[in-house]
Structures are given as C-alpha cells and as structure tokens.
Amino acid sequence: MIAWWQIVLLTLYAGYQILDELQIYSSMSAPVFAGFFAGLVMGDMKTGLTIGAAMQLTVLGVGTFGGASKIDANSGTLLAVAFSVGTGMDPNQAITALGVPVAALMIYTDILARFSNTFFAHRIDAQVEKFNYKGIERYFVAGALPWALSRMIPVGLGLALGGGVVNTIVAYINGPLKWLGDGLSVAGAVLPAVGFAILLRYLPVRKHIAYLLLGFTITSLLTTLFGSIQNIGTALAAAPKVAAGLGSFNGLSMLAIALIGLALAIIAYNNSTSQPAPAAAASTKQADSSDEGEITDDEL
Amino acid sequence: MTNYKLNDKDFKQINERSLFGFQLGWNYERMQASGYLYHILPQLRKIYGDGTPELKEMMETHTQFFNTSNFFNTIITGIDLAVEEEQGIKGKETVAGMKAGLMGSFAAIGDSIFAALIPAIFGAIAASMAKQGNPIGIFIWIAAQIVVDVFRWVQLKIAYKEGVNLVTTMQHTLNALTDAASLMGVFMVGALVATMINVKFAWAPVVGTVPLNIQNNLDMILPRILPALICGFVYWMLGKKGMTSTKAIFIVLVLAIALGALGIIAKA
Amino acid sequence: MIAWWQIVLLTLYAGYQILDELQIYSSMSAPVFAGFFAGLVMGDMKTGLTIGAAMQLTVLGVGTFGGASKIDANSGTLLAVAFSVGTGMDPNQAITALGVPVAALMIYTDILARFSNTFFAHRIDAQVEKFNYKGIERYFVAGALPWALSRMIPVGLGLALGGGVVNTIVAYINGPLKWLGDGLSVAGAVLPAVGFAILLRYLPVRKHIAYLLLGFTITSLLTTLFGSIQNIGTALAAAPKVAAGLGSFNGLSMLAIALIGLALAIIAYNNSTSQPAPAAAASTKQADSSDEGEITDDEL
Amino acid sequence: MTNYKLNDKDFKQINERSLFGFQLGWNYERMQASGYLYHILPQLRKIYGDGTPELKEMMETHTQFFNTSNFFNTIITGIDLAVEEEQGIKGKETVAGMKAGLMGSFAAIGDSIFAALIPAIFGAIAASMAKQGNPIGIFIWIAAQIVVDVFRWVQLKIAYKEGVNLVTTMQHTLNALTDAASLMGVFMVGALVATMINVKFAWAPVVGTVPLNIQNNLDMILPRILPALICGFVYWMLGKKGMTSTKAIFIVLVLAIALGALGIIAKA
Amino acid sequence: MIAWWQIVLLTLYAGYQILDELQIYSSMSAPVFAGFFAGLVMGDMKTGLTIGAAMQLTVLGVGTFGGASKIDANSGTLLAVAFSVGTGMDPNQAITALGVPVAALMIYTDILARFSNTFFAHRIDAQVEKFNYKGIERYFVAGALPWALSRMIPVGLGLALGGGVVNTIVAYINGPLKWLGDGLSVAGAVLPAVGFAILLRYLPVRKHIAYLLLGFTITSLLTTLFGSIQNIGTALAAAPKVAAGLGSFNGLSMLAIALIGLALAIIAYNNSTSQPAPAAAASTKQADSSDEGEITDDEL
Amino acid sequence: MTNYKLNDKDFKQINERSLFGFQLGWNYERMQASGYLYHILPQLRKIYGDGTPELKEMMETHTQFFNTSNFFNTIITGIDLAVEEEQGIKGKETVAGMKAGLMGSFAAIGDSIFAALIPAIFGAIAASMAKQGNPIGIFIWIAAQIVVDVFRWVQLKIAYKEGVNLVTTMQHTLNALTDAASLMGVFMVGALVATMINVKFAWAPVVGTVPLNIQNNLDMILPRILPALICGFVYWMLGKKGMTSTKAIFIVLVLAIALGALGIIAKA
C-alpha cells in the first residue's frame, strides 16, 4: 500500500504542478513528468513512465486557452501510478480505470479555483484605493492558495482514502469482471488516438496534409523494419550459439523522426521567409484554415 | 516626459514577477488583470511617485480586464512602460487601447505556439521515450522550456526599446514560425499515430476451414493502417457539433472496452 | 481445357471492356482487371492476377490519344490467362508467348472498328435532313456493334480454336525448345521495363528528374531491407525452435510508397499555387518539355 | 434570347449520354462528331423546336468534325449550350469557333491527366498488389475512377454557368494539378523500376579460379541498378526516330529471350 | 620491404600528381587515388584503398584557395601505404603515425616550390623584351620542375631511407608502447571527423542546416538497419542449415544516399531558378553566410 | 578593328594550354601571370604581328599580376580576346580593367564549386566505397572530372561570343548552382558523419553491480549520436581564433590517442 510520506510528497507535488503550469511552465507540470515523479516516489519508475506516457499522449496538445478548463491529466497520472504500484494493478488498466476518470473529475476543482480568485481581485481593488502596496501584493500572491488547494485536496484525499475502492476494483477486474479488465487494457492502448485527433483539430491539418502523410508513412515503414529486426533478434535468443554473435537491436528512435520533421519545417520556414509577398498571402490562408479546425472546448 | 527612466534592475524585477507570478490571481471576472498590476507595480510607483493621484488612476486602469498568452505578455508590458515613462498619465488612453488591441492577437498566436505546438512536439518525444522506460526525453523537454523561458525573458527589453513598431515587424516572422512549427506538429502526429497506438485486429473469422488473418492482410496493404483509421475516426467525431474532447475520451473508452472485451481488437 | 461457358463469359467481357474504356472508363477495362476477371472465370485467380499485373505494367501509361490505336493488352490478357490455366502453361511464358503477340495483332481489328463507323456517320447525316431524331440516335448507338465485335470475334475464335496451337507451343517449349521457354520467362520479367519507359516518354521527366531519383532510390533501399528480412524469416523457418517466436514478415507496401509520392506532389502543388506569376512561367516550360517527350505512336 | 432555359433534368440527361454514349460513333472521318450531336440532341430540340430550319442548321453544325478528351468534353458542351440558349441560331459562328478553339487544348490536358497519369499511378499500385496475389489495388483504382466520374458529372453545370471565363480561371489550377500529378507519376515510375523488373545477372565469369558474382558487386554499388539500366536503355531506344511502343516491346522481347536463353540474365 | 622499382614508380607518381592537381585536375591527384595507385604498386590494393579513403576523408573539401598551401595528403598517403604494406604495419596506425605527419611536413616543400617559380617569372620578363617567344614558353614550362621536385624529392628520400625509422616505430607500438598503437588506431577512426568539420566550415551550413539534419538522420537510421541485417546474416552463418537459404547482405549504398542528396539539390535549384527576384536576394544572403564560415588557412 | 579573326584552331590551342599549362609558372609574386601570357601568346602574335611595339606592350600587360580560379579562367580569356581582336592596342585599358575586375569573383565562385564542393562530394563517395575495398567510386569521380573539363573547354568560345554580357547572365544560374551544390555538400557531410566515423564508447562504468552500457543507451536515443557530437566539437574548435585545419588535425590526433589508450572510446 501507499506510505504516509508518499502521500505527502505526491500531494505537495500536486500543488506545485498547477502553479508551475500557470507560470514558469517548466514542463515539470506535464503528465509524463508527473508519472516519472510518482514512479520515483513509489519506487517503480518504469510503471510511472508507462502511465505518464500514456496520459501525456491522451491529452497531447490540449492547452488551456482563454481560461477554459481542461482535463487534468497530471492529477490523474499521480493517482493511477500510486495505486498501480501500491496495489499491483496492471498499469494499462490503471490508466483507463483510474487516470482518465480522475482527470475528468478534476475539471470541477479547476473551475472552483478560477472562481474563488474573484474574491481576491475585489480585495485588491480596495487596497488600490488605500495606496496599500503591500496589501495589493499580498492579496495577489494569496491567489496561489486556491490554485494549489484545488489539486492538493482531491489528490491527498484520494490517495489517503481511495485504497479500499481501488482494491475492490482490482479484485473485480481480475475476477468476475475479467472481460472488463481486458477491455480496459485495450482502451489504454487506444486512448492516445484521442490525443492525436484533438491535436490535429488544433493544427492546420488541411494545409499540411502532405506532412501528415509523410510523418505517418515514413514512420510506419521504419518502425516495421526496426520492429522486425528486434523480433528476429529476440527469436534468435532461443539459439544461443547464433545469438552469441549478435549485438542488441533497438526500436526506431523517435528523436530521429522528430529531427526529420524539424528539417522539413526549417525548409518550409526558409521558403516562406525568402518570398515576402506570397508568404504573407499564405499566412492569412493559414489563419483561416486553423479557424476551421477549432473545436468547442471542455467547459463541460 | 516623466522623471523616471527604467533600468536593468527594473526589467529584472518585472521579468521575475512575470515568470513566477503573473497568473496567480487568475479569475473569471478579470482574468490576468491583477497579475498585470502586480508585475509592474514597483515601476508604476517609481514613475508616478507613491501616493499621487496619477498613480491611483493608473493602478485602477491596470486592474481592468486583461488576458493574453503568458508567453508573450511582457511584449505588451514593454510597449506600455515605454509609453507611460514618456507621456505619464497623458498616455493613459493610449496604453489602455494598446493593451486591449494587442492582447487578443498575442493570445491566439502565443497559445498556438507555446500551449499547443511545443508541448505537443516535446510531449510526444518524451512520451515515446518514456514508453520504453527511458526518462531522457523528459529532460530534453525541460531543456527546451528553459530556452523558451530565456525567450520570455529577453522580449521585455526589446519591446520596450522598439515600441509598437515591433508588432508589425514581428508579424511576418511569427507567422512563418507558427506555420513551420505546425508543419512539424502535423508531421509528428503522423509519426505518433504510426507508433503509439498499439492495437491490432484480433478477430479472425473462419472462411471455409482456415481462419482469415485480417491483421496480416491489412499489414500487407499498408503497415499501421488500423491506428490511422482509428485516429481518423476520432478526428471525424471531434468535428461533430457539441463534441468536446472530454466527451470524446469517454466515448473512445467505452468503445475500446467493448471491442476489446468482445475480442475484436487487442493490444498489439 | 476451356469450357464453353468460360468461352462465352470471356467473349462477352471482351466486348464489354472496349465499350467501358471508350466511355465510363471504370478501369474494369484495364489489363489487371481483365486478368482478375479471367482468373475468376477460369478458377485460378492467382494466375489471372499475375498475368494481368505483368500486362498492365507493360502498357503502363499507354493511352489512346487522338484516336491512335494502341496495343490491346486487355484481349491479350484474356487469352493468356485462359490458356495458361487451361493448358497448364507457365504464366510467365504465357505473357510473352501469347499475351503480347495477341495484344499486338488486335491493333488491326481496332482500326477496322474505327473505320466501319464511318458508315454510320453518313447514315446520321441522312437522318438529320429528315428530322428523324429516333433514326439519328439509332444509328449512333449502333456504333457500339463494330466496337464490341472487333474484340469479341477474335477473342471468341481464339479461345474456341486456339487450343491446338497452344498445346503444340507448350509441348515444344517444355521439350526440345526448353531454352526458348526459359527465355520467355525472363522476357516476361523484363517487359514491364518497356511500360515504364513509354510512360517516362510521356511524362516531363527532365523537369521532375529529382523525383525519379527519389522514387527509385527510396524504394530500392526499402525494398532491399524488407526483402532481406523476409529472406531471413524464410530461412529461419528451417529452425522451428527459433521460428516459433517469429511473426510473419511482409514485403514493402507499394501503397506506402505511393503515399510518399502523393505527399511530395501535394507539397509541389501548394508551392506552385502559392506563387501566381512564376508558376505560370513554369507551366509553359513544362508544356514544352512534355512535347519533347512525345513519341511516334502505334498506327504501325 | 430563345425561350428555353436548361434545367437539372437536362443536365442529367446530357451527362448520362456523355458518360455512356459519347464515343460509340467514333470514326476516322469526323471522330466524336456524331457523339456530340447525340448527347445534346434532346436539348437542341427544346431550344429550337422540332422541325424548324434552325434546328436542322444546328444539327448540321454539330455533325462537323469534333475531337477532344472525353473527360473534359462537357465543359465545351456547357459553354456551347449557354451560348445557344442565349443567342439561338445567331450564336452559330461563336459556337463553332469556340468548339474548334477549345477542343485541342482540352484534348492535350485531358489525355495527359486522365488517359496517361491516373491510369499509370493507379495501374501501378493495382499491378504491384496483384503481383502478390492481392486484388485490393484493383478496387482502389475503381474507387478512384468513381471520383473521376463525379468530377466529369459536375463540370457540365459549372461550365454552363461560368461560360468562357471558366477556361481562363481553370488554366492555372489545371496546370498546377497536371504538374503535381506528373511529378507523382515520375516518382512512381522510379519506385516501380526498383521493384517490378525482377531480373538479375546470372553470368558469373570465372576470374582466376573463383566465379565473379557480378550481381552482388552491382548490389553493393546501388541496389536495383540493373533494372534501372534496362529501363534507361528502353527509354533511350524509344527516343530513336521511327520507333513505336509496339516495336519496342518486340525488340525487348527478342533481346530478353536471347539473353535469358544464353544464361546471361535470369529471373530474380 | 620496398623494392627499388616500387620506389621509382611511387616517386614518379608523386611528381605527376601535383602537376595534375594544378592543371587538369583529373582527381587522379586525390588521396583516395594515391592510395589506390600505391596499393596496386605495392601489391595490396585493399590496404591502399583503406589508407587512401581515410586520408581523403581527413582533408575532405580542403582546396587550395588563393595560393594558400595545404596539408599534402597525397604524399602522406603514398608513404603510409608503402610502409604499411612493406613492414606489415597496421593500416589504421600507418594513417596516424605516418600519413598525417608526412602530409603536414610537406606544406614546407609546397611553399618552396611556389617561391622558386618567382625566378622564372623574371626570366620571362626579360624574354618579352627580346621578343623571344620560344624563350618565354621555355621558361614558363620550366616551372613544372620546381613543382614536381617539391614532391619527388621528399617522397623518394622518405621511401628509400625511412625504412629503419618505420621499423623502429612498428616494433615499439607492437611492443612496449602497445597502448600507443591502440590509441593510433582509434585516432585513425576519429580523424575523418576533422575533414567533415573543415568542410562544414566552408559550406553555408546555417543556411542548409535542414539538409545536414536530413543527411545525418536518414543515413543513421538506414545504416543501422542495413548493419543490423548484416549482423544477423553473419551470426546465422554459425547455423549452416539456416544459412543455406540466405543470400548475402550488403551495407548501405552511399551512392544511393548521394542520389537522394542530388535529388534534394535539384529540387532546390529548380525552386530558386523559377523565382527570379527572391532567389537573387537569397543568393546574396548565401554569399554572406559562406563568409561567416571562412577559417584561417594553413600557412602555418 | 585588327586584321585577325580567331578561329576554332585558336580556341583549341588556347584550351590545351589552359588545361595542361596554366599554373606551371605559379609564384607568390605574380601568381598566374606568366600562365596567362603563355596560354594566349600565339594568338597575341597573330593579332598584333610578330615584333611590333603593340605586341610588346600587350605582352607586358599580360605579365602583370593575375589570379583567378583555373576552372573559370578562360571565360576572362574569351572576353579579353574579343576586345583585343576588335580594338587592338586601344583596348589595353579595357582589358586590364576587366581582368582585374573579374578575377576576384571568379576566384571565389570557382574555388567554392570546383575546389571545395565537387571534390568533397565525389571524394566522399569514392572514399566510402574504397573503405569497403571497392575502387569503383574512384572511377566515378574521374568520370565527373571529365565532365568538368568538357565544361572548361566549351566556356572559352561562349565567352568570346557573348562578351561581358555573359557575366551578368551567368550570375543567377551560377548562384543557384553553387547553392544547390553546397546543399548537397551539406547533406553528404551529414550522411558521412553517420557512417564514416566509426568509434564507440567503450567505457562502461559499473553502477551498483552491473556495468552501464553507455553506447547502447546512446543508440536508443539516436543512433550515431557520438560521431555527431565529435564532429560538432571539431566544428566548434575550428571556429576558435587562430585555429587552422592542420592544428585541428593534430589536436584531434592527440585527444583520440589519449582517449583510446585510456579505453574510454574504441573503434566500432
């Protein structure tokens, strides 16, 4: 189970991450970092990374625009990692059974935080009238409290009290509801598709459809090749005499793919900045086309 | 012309307050208004003098509704302070108009670059490495954000010096940059679809006497076609009226659980 | 041998396909479809597809321009498939020994069809004078007859009577003329080169030489990689213990390659439409360069 | 101004006759002339009235020589009918001139897109799949032609509405499209050369005591270089004066049989 | 050891190559050719090619600009090959222990040659005054002598007399200084990095950074794939039953990679020539950026 | 107008002297001056006549300092002779000015194309093949240089005919060509870095009880990252003040020997 000091650390981090995201945006407020951190705290980095990665992909490109609340994948990750390691729940199931529902519920506490800060705004008005500079600053900084608490309270309570519920879930999906457990694992593998699709909705996908095709096709061919070789390497391990001569085979490097994407982006950038007039035209077009991609956001 | 001239210590103070305290007071009524006041309060006091009616008037001005991208906000700040330093209280209308006029476009462009594209690209790299148990990608992202923060830091002084001209000269470069970044974003999504959605057809209907390996037939046509179709389906669904991303997540969750439980699809 | 109903079906299709090609152009008049159809009729889809594919590649991009007659690969395919399945002739030999010669001979019946329709044109003139609208339409639609018969008669006769000749050929190239049989197989493998070269003559190859290089090089590297892996996979089948762990390996997906080509085409299209003036200049240049590629066509 | 105004039923009838009956009457003397008359005959009768001398004059006009791409013919039809409907018999000269003027360019561009490029691209995909025993590529091509036929269907009404202007506005887009399509065609030929010409050097001259594996040496330099050279040779041959594609096919046939029989090259 | 006729041939070539480089530039004056030639002369082409390749890569793109002397990798190659074959020295060690130092020393004899020709220039002035056309031409052609001797003398002497020194070196790095021998081998593998870096300094690398990324990434992915397959193929040789079915696997073809680079270059060329005005602007920019890459050259 | 008109035999003679004898007299004082005189001496004699004062004056003119790329020199020669043939001794100032004016730019562009880029690209191909024991790449390079020499041969007559105009019309094409060639050069360097620097981390520090395979961890992130880092380091070093390529070679030599001897890096 989860030790008290683990609860404390995770709860403190839950408070920290929302402040980080609002301000310095160090990316230590991203689900993948949350997973990493929670994994370290719980003593199982691998599980943490697995869950963090899946949650990250699920909300890829979901930013907070114009103050709209978004699904809080960070807090969801914390609970999923903690209980997956704590109760031995399958990480893939933890993502779908815990991570996503918690993340969705936390939209409400986000709204609460954004609401309660109105109170401080009015106190500041009053201090302005009194030329009370310290007062202005105090009431402003005090806004950190609702923000932090909006994450710390639910995460802390969940970690402290949720064990029973989670144990019950685990018992069921390993027992009578095994079909559900299997389904949850599959769902965990499918979820990133949502993140990608959301992201495409925000990107000018029609304008750059060629690059979508390139990214997909190049990667699918290369990942098949690298995967086949890994596959053969693993199979050959059954033949020690042969395997002795083999090195180890790695999967496709995503950084390499990203570098190819970067190169294509630089080429396009150079093209567009080297032709003043038409590029201007193109950019207005792009503005239009990105409009078209807008989706109604998550105020629920 | 007022008597105070901003110096590097001022810029440092503003930048620190901006990076670490700009959105603490965010609320539905006036959004980033109190943050705006807070992050230039010391400078306002120096320009107008403590306790003067001008100071009060400007403090009141800066508690009005304000909302922009917190990655670009100090561009507006720089232009604002250049005006106030030069014209004092007489610049009030100019400043208020400029703030209202620019905050919208900087919100749009800032959000798309810094809140959507960069997190998408680096998040994708970090997640794909994390999936293999490797935390390096997380540190690459942190390094990238440090570069971004350096960028946030320097823009204040540039904006202060260049004034409003900056906005027009930046426009073209920013557009090209956004365009290139979104190109890379689209490319990466294509790559991610091909690697990160690990499901396959498990259903193998028996035709005659042999089971038909649907997945292998699909692979022959185009590897990873199933993930592409799934993502295309979600994309289409998100285009439906009234659909939100949270709703979409739950619909996919239910569908995937059902198809998984029925043995039609499985983890690859 | 070939059953009477198979002859009937193939002959009917031979008539249909020329009308399809002249009008709706559904691509059911393409050699690859002819091979598919004939394969189904003859009960051996695989042989049909093999022959159809080879014939398709041999005439790739050979269209009928300005009424010029072209080699009729569809009819050639029908006979090659029918006799290959019917007499057990090797498909690769059937392509070169039957498909291509038949296709070439049919140029003459095509010319006949285009000729005989002159008769109906003159009848229509007469009906116009008489305001006989039904007559005009009747004589126009009657033009379908020469067209259809120009394919049905030779194909039907060939299928019904050609068996003896084909049997003799087969006997020879499996017996005393075995060297010829081998040569015919090799020729079948080389023939697509002609189709590709013809096509390049019609395309602005100088303008797009870069893409010829890219298409060739990317594909040759990837097809070597996919082929090597298939090769290893097949070899490992001799070691059952190891092979147990292996999945199946596929060849390079041509659709993937086509998608890459499509992406490059889209990028070029976007580039050229985003710059009004120079693109216009470029297009006239292209018109020139495609002229240069013209070749004297097949009126024999 | 005549009294008849074309409606959607008319367009449907013209399109049907065009798609299913435009070239049935093709002959060396006047090529598509009778098809042109046939596919607008009902509309001519409505515009000029049955049995009128105007009708006869126009019917005679439309049996004159005509030849264009049957993928673009209804663009000319649309412009023609717009003129005839508006001006009646007075438009005769205009119509005859316009038909003669446009048919050439539409023949050129239509043939290169629809009779050469599209069949080449989709034929290549279909053939390469068929070679592996997979008929799916055939259906992909059929699907593509359905899209093409939709395009043929809609152009009539657009041309009718836009009139001659259409030709100039279309020009640029069509050029860019043809160019992009031919780019893809060239790319695909490169790809096909690398995969579809499956021959190798079988000849292994003995140097000293070991046979020299020429094929493997070539593979080391550039995989698939032999197919590239063969295709280059045929390309060069096709450039010779008096060479036709049929002749080229037979020359290659004979050469390949000879080299194959001599054991110099073999199937890969 | 090295036979007298080998010394003669190599010395003659040393004289030839500098004249070739100054004039016709047939590339038979390149280190890789020098290695090839010396290998043939010494009866070990493979060693010659290995050393020639490494030396070529080390000075890649180092041209002689404005009469600046450069490191003479050709002569260095000749000596390294001769002694490597002659004394059985490891080729990788010969590169670093002999090739590079000799190449650097020869900068001085190059300077000497450029200097002594001043003498002939003054004789020509005198002949001009006398209208002595034959004299002008004679004194001009005589300039070939200092050039040729500046290479023939050091190379000839080195080959004739250097044997003892080299033998001592070999004895040491195979004996007491084995660590140095190992280090020299590693250094041979690292040296090409210098050639590449020098070349990048002369190229507008900032402008074309995207292509640097593409070249590197595409090649690193493909070379890993080809290498892994070769690796598996070699390992499988230990299992004769399986290996029987395997063909041979080659490494990545660099010509293929060069063709991809060529294709990209052609695309860029077509883009820039199709837009008159902006391309002009771009080219001035490039001129600037290549300035920035300049490095102080090797006059020592 | 002088009495002599250059003919094809003249062009042949000039080209031969240029290709085989232009730089034999190179010296620090006047560089290619005597070569310039030598390669047009027979033509000068024909234009001005043997023993005339005009001939002496022009011979003296042509022994003045001259230096340009020996791949472009005959462009200047062609323009020069067109002027001298037309104007004789009166063209002396023009010719001297033109020579001085053009030699600089042709040196720059010629060196970058023919002395840096082409040798780099073909040298790289030849070397990478030679490394595998295959001399074919050497012959490919020789073939390429033959093409270059054909180019050197033809330019003389073109320059003679077009005169000074040529320089301006060539400018744009040459720039585009240099740009494309350098693009390919940069691409190839990237490729070479990925294949030709065959070192790996041999150092495997023991963490806990297991040795940490640093090389494999790097491979997972990006294959061939170590060669890229090494090359990046040398690139940076070459940017330091006072660094020459010879110095850099020796520094790398010493560092590599040290790291190799210490067992930190090893041949891959």
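Going by the order they are written in, the chains are A, B, C, D, E and F; count residues from 1 in each one.
FYI, a contact is a pair of C-beta atoms (placed from the backbone, for glycine too) under 8 Å apart; a residue touches a chain by one contact, two chains touch by 3 or more.
What you see is a predicted model; the values in this text were computed from it and never measured.
Using the contact threshold fixed earlier, the set of chains in contact with both chain A and chain D is B, C, E, F. Annotation: the chain C:chain E pair of sequence copies touches via predominantly different residues, less than half of the used numbers being shared.
Two chain pairs, B-F and B-C, are weighed by contacting C-beta pairs, with B-C ahead.
Distance between chain centres (mean CA atoms), chain A to chain F: 53 Å. Among all residues of chain A, those that touch two or more other chains are 209, 211, 213-214, 216-218, 220-221, 225, 229, 232, 236, 239, 251-253, 255-256, 259-260, 262, 264, 266, 271, 275-276, 279, 282. Counting only residues that touch two or more partner chains, chain D has 129, 132, 134, 219-223. The full set of touching chain pairs reads A-B, A-C, A-E, A-F, B-C, B-D, B-F, C-D, C-E, D-E, D-F, E-F. Residues 248, 250-251, 253, 255-256, 259 of chain E are the ones touching chain D in the complex.
Chain B contributes residues 19-31, 33-35, 37-38, 41, 45, 50-51, 55-56, 59-60, 63, 67, 70-71, 107, 111-112, 114-117, 119-135, 137-138, 140-142, 144-146, 148-149, 172-173, 175-199, 219, 222-224, 227-228, 230-231, 234-235, 237-239, 242-246, 248-250, 252-253, 256-261, 265-268 to its touches with chain A in the complex.
Against chain E, in their complex, chain D makes its touches with residues 216, 219-223. Of all the residues in chain F, the ones that touch chain D in their complex are 129, 132, 134, 136. Interface of chain E with chain F (complex): residues 19, 22-28, 30, 32-33, 35-36, 45-46, 49-50, 52-54, 56-67, 70-71, 92, 96, 100, 104, 107, 114-118, 120-121, 124-125, 128-129, 131, 133, 136-137, 139-141, 143-144, 147, 179-180, 182-187, 189-194, 196-205, 208-209, 211-221, 223-224, 251-252, 254-255, 257-258, 260-262, 264-266, 268-269, 272-273, 276, 279-280, 282-283, 286, 290, 295-298, 300.
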